[in-house]
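Take a look at the structures listed below.
Two complexes come next, and they have one chain in common, chain A, joined by chain B in the first and chain C in the second.
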Partner chain A sequence: MRHNFIDRYAALESPLHILEPRSKLLAFTALIVGVLSIPVDRGSLFFVYFFATAVLMGISQIPLPYIMGRSLVILPFIVLASLAVPWKGFYGIGILFVRAILCLILLILLTNTTRFVELMRGLRKLGCPQILVMNLGFLYRYLFVLTEEAMRMKQARDCRRVGRAPFGEELKILSSMLGTLLIRSFERAERMHSAMLSRGYSGHFPVLSPRRFSWHDLVFLSGITLFIVLTVLLR
Partner chain B sequence: MHIPDGFLTNRVAVSLDVVSGANILYAARRARVDFSSRMVPIMGVLGAFVFAAQMLNFPILGGTSGHLVGGCLLSVILGPMAGSLTMATVVLAQALFLQDGGLVALGANIFNISVVTCFSGYAIFKLLGGSAEGGRRLLIAGFVAGWFSLIISSSCCALEMALAGAIPLRVGLATMSGYHALVGIVEGMLTAGVLGFLSKVRPDLMKIDGVGRFGVWDWIGAVLFVALPAAVLAKAGSSGLPDPLEKLLAGSPLLVEAGAGSQKLSSSARYGDYLLRAGVFVLLIGSGVLAKRLARRKRSGP
Partner chain C sequence: MTDYAVRITRLSYTYPDGTKALEGIDLDVARGERVAIVGPSGAGKSTLLLHLNGVLTGSGSVRILGENLQPSNLHQIRRQVGLLFQDPNDQLFCPTVFEDVAFGPLNLSVPAGEIPRRVEKALGDSGLDYALRSRSSHHLSLGERRRVSLAAVLAMEPAILGMDEPTSNLDPRNRRHLIEVISGLEATLIVATHDLELVLDVCARTILMDRGKIWADGETRSMLSEAGLMEKHGMEVPLSLKSGMRS
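Then we have the complex of A and B:
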């Protein structure tokens, strides 16, 4: 099973990757809010933002097909919104798509240029409650372990039966599998907890060689601020 | 059901960000999790469990398949406070890892998937008298709670989209709730099945719900979460045309934005105004966080 499908390109060393996570989080949030605030009758501003996004995409060194593939998650919503064409007209829905896609690409850029540990540290420093950040850390670390466990259980089930059981039977099997997975998760968590305690855990994870705020961040942040101010002034 | 950025107006999205943020802070406080307690890894690993459980799907009809969503299950096992925190982490992770759901729309997604699902699911489960003893009652309560929690959260999603003027309420409600009424059957059966399995195999794990007692106010809040969307749903179903939401919007000065038609109000004259408003919200949140941190520093100081 491939384990790096989540942050495959986060370990590159592009100018976007070396930024401090906090400034990146702030800047990308500002850009997304900027895109969301573009008025409907100023379609040309979308091109300006699209150009900026393309520049960021170029800097980030993440392959274009990867970004495009990731953007497909939006498809169900596009189908749903297409049902609303009679109410809003093609122009309105078109604007909706462009806005959604732009925001999505910005989010993909943010999460794929930041290592996960860095992202967590950035979130924490921006005031996200510690319990949430710690949960996120555990989730990330054990996601692969539990997914692998689930896949093994699925393989075992598929090996043992031929064809398909009736609906009710199938559900019963699946809920027993889920229950087993749940119990194993619990037990793993308790083992982990004693292992952590015995290694001197006190509710805090140190980060090795964190990225520091440097002149790169200053340049990046002032560039983004300038861009947003300009788009507001030139609208 | 994860709303991407761009489908909600800034006002709807940011106000839900504030609501969800407040809810997370409240739940974190009520859950009173000590950072060295064993609840921390349990909540985190159960978040990963939800991810992994979604890999275990099974075929329904044609090419479609169903899987567990899990909010109701977690809130029954962990209690609504810890359960909603865990689900909030899952939603955050889905936004960050898989780009399911946007960054500004994160509050709306946490509201729908974690807050509404966990609280309504837990309330319904308790109202039906589901307990750790097992038996038929547990199964029925689990099924109904799982089904309803999904329906309520998906109609909340449709409601938000309609408030933002992206998708009309009639279309949104019909598609979202209709689809989730079917998916909800699987969710309900799996919730009941897992609870039944757990009560047979490890009944001690069912009693972990000691974290954060569910008080009177929590009951009132949970009932509100259930009753409000249910009322809107009932009204939409009974009156059909005209859209009851339009009446609601016309009556409330807070929500005129979508009611008056997004064309007029999102004209360029409002652009600066929008940015300003978003900025004020961000400042408010920031100052709240800062104040809290300062207070904590003062308390923990010498």
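Then we have the complex of A and C:
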């Protein structure tokens, strides 16, 4: 099974990839906050941000179809969101859509230019609590194991099923599958904890860090800061 | 006293749900010895292994290299006893191979400068290429994952190594490779397994466990040839002994 769906292109070596994770985390957070804080009546600013994002996309060397494909997953949420908020006309929905898609593209860029490990190190160095970063790491590691387990269960179900059961019955099967998955994860967590203890774990998760802050980061961060300041002045 | 790597006396353990897993286990393992623990599923083999470094603690005493295992010296004992788990997915919890192998040594406060050397050596000792270090464990085959797990344990340079089903689910080539790697290890070995051919290859001494007790303890070949004993405890005489292939 091939699954590297979160940081698929993170192993490239573009100018964005070689930056220290901390500078990327800070810069992308700033950009996302920037996008979120664009006033609704300043629609033209979205173009400015869109341009900046496009430039970053170009630098990153990540294939455009991939980014576009990934960012489409937001669509159902947009539809839901537009149902949930009071109707503000198509312009309102449009703004919501552009805002969301810009943020998502930025996130896709961040996660695909930084290997997940590096991202975690960056978070840790920026003072994010260790327990949170550690759990994020486990999430990344075991998402794949869980997916595989779920797919095996689905296969096992499909092998014993002829035709389609009534909807209620299907739902029952699905919920019991989810329950089993939960219990299995719980058991696995216990075994993992044993494995961690066996290798001397005592509450502190050790981190190594190869990438260092360099002049690239300085240039990048200055650029982003300048951009943010300009867009704020433009308002 | 200190000639023993492991000395277990009257060890009993009951799981929280009331299952009696171990009942009055007495076991001595000499330094450098290679001992196999065989027996049907649910015999208590894995539970016994988990007692070697205090992940589980039952009643009775466990002495490791002359030290009585207790909460105060747990850290010290875990430096000495490495455990290889059955499912590599339980053992490899870090995002990359390098970090997984480095996890133990870092916990042992090995200086950061020495870590890459340790990782390289451990990977090499497990028959793996150093180039594998930046891969994620979910991209590896089961055979590779099993060996990375072994490397993660070896990186701690344990004096005693407990293994739970090291060859299960491996294809013949990976199994053979792993057996060669295991045979080359210097640590005191305690291997819980159903793979009796592995036992014949690697361990001179075998212990037969069933329902939480030790039923036999002796020279591997003669014990595994005893058809009556083996069948009584849900095992069978290995094919290579039956057909006289091993001489």
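Convention: the second predicted complex is superposed on the first by the 200 of 235 C-alpha atoms of A that agree within 3 Å, B and C clash if a C-alpha of one lies under 4 Å from a C-alpha of the other, contacts with A are read in each partner's own complex, and residues count from 1 in each chain.
Operating definition for what follows: a contact is a pair of C-beta atoms (placed from the backbone, for glycine too) under 8 Å apart; a residue touches a chain by one contact, two chains touch by 3 or more.
No experiment lies behind these values; they were computed from the predicted model shown.
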_Contact-wise, after the overlay, does A:V35 reach chain B, chain C, both or neither (first, second, both, neither)?_
first
*First (chain B), second (chain C), both or neither: which does A:S198 touch?*
second
*Partner chain in contact with A:P206 - chain B first, chain C second, else both or neither*: second
_Going by the contact rule stated at the top, is it chain B or chain C that touches a larger number of residues on chain A?_
B
*Which of the two partners, first being chain B and second being chain C, lies in contact with A:T111: first, second, both, or neither?*
first
_Quick check on the output: what are the common chain A residues between the chain B footprint and the chain C footprint?_
137-138, 140-142, 145, 188, 192, 196-197, 201-202, 204
*In the complex, chain A residues that touch chain C*: 3-4, 115-117, 120, 137-138, 140-142, 144-145, 188, 191-192, 194-202, 204, 206, 208
*Enumerate the contact residues on chain B facing chain A in the complex.*
3-7, 9-10, 13, 24-25, 28, 31, 33-36, 38, 40-49, 51-53, 55-56, 58-59, 68, 77, 85-86, 88-90, 92-93, 95-100, 102-104, 166-168, 171-172, 175-176, 186, 189-190, 192-194, 196-198, 201-202, 205, 262-263, 266-268, 270-272, 274-275, 278, 285-286, 289-290, 293
*Residue numbers on chain A that touch chain B, as the complex places them*: 6-7, 28-29, 32-42, 70-71, 73-74, 77, 80-81, 83-84, 87, 92, 96, 99-104, 107-108, 110-111, 119, 127, 129-132, 134-143, 145-147, 149-151, 153-154, 164, 170-172, 174-183, 185-186, 188-190, 192-193, 196-197, 201-204, 232, 235
*Which chain C residues qualify as touching chain A in the complex?*
50, 53, 55, 75, 78-79, 81-83, 85, 87, 89-96, 98-99, 102-104, 106-108, 112, 115, 136-139, 152-153, 156
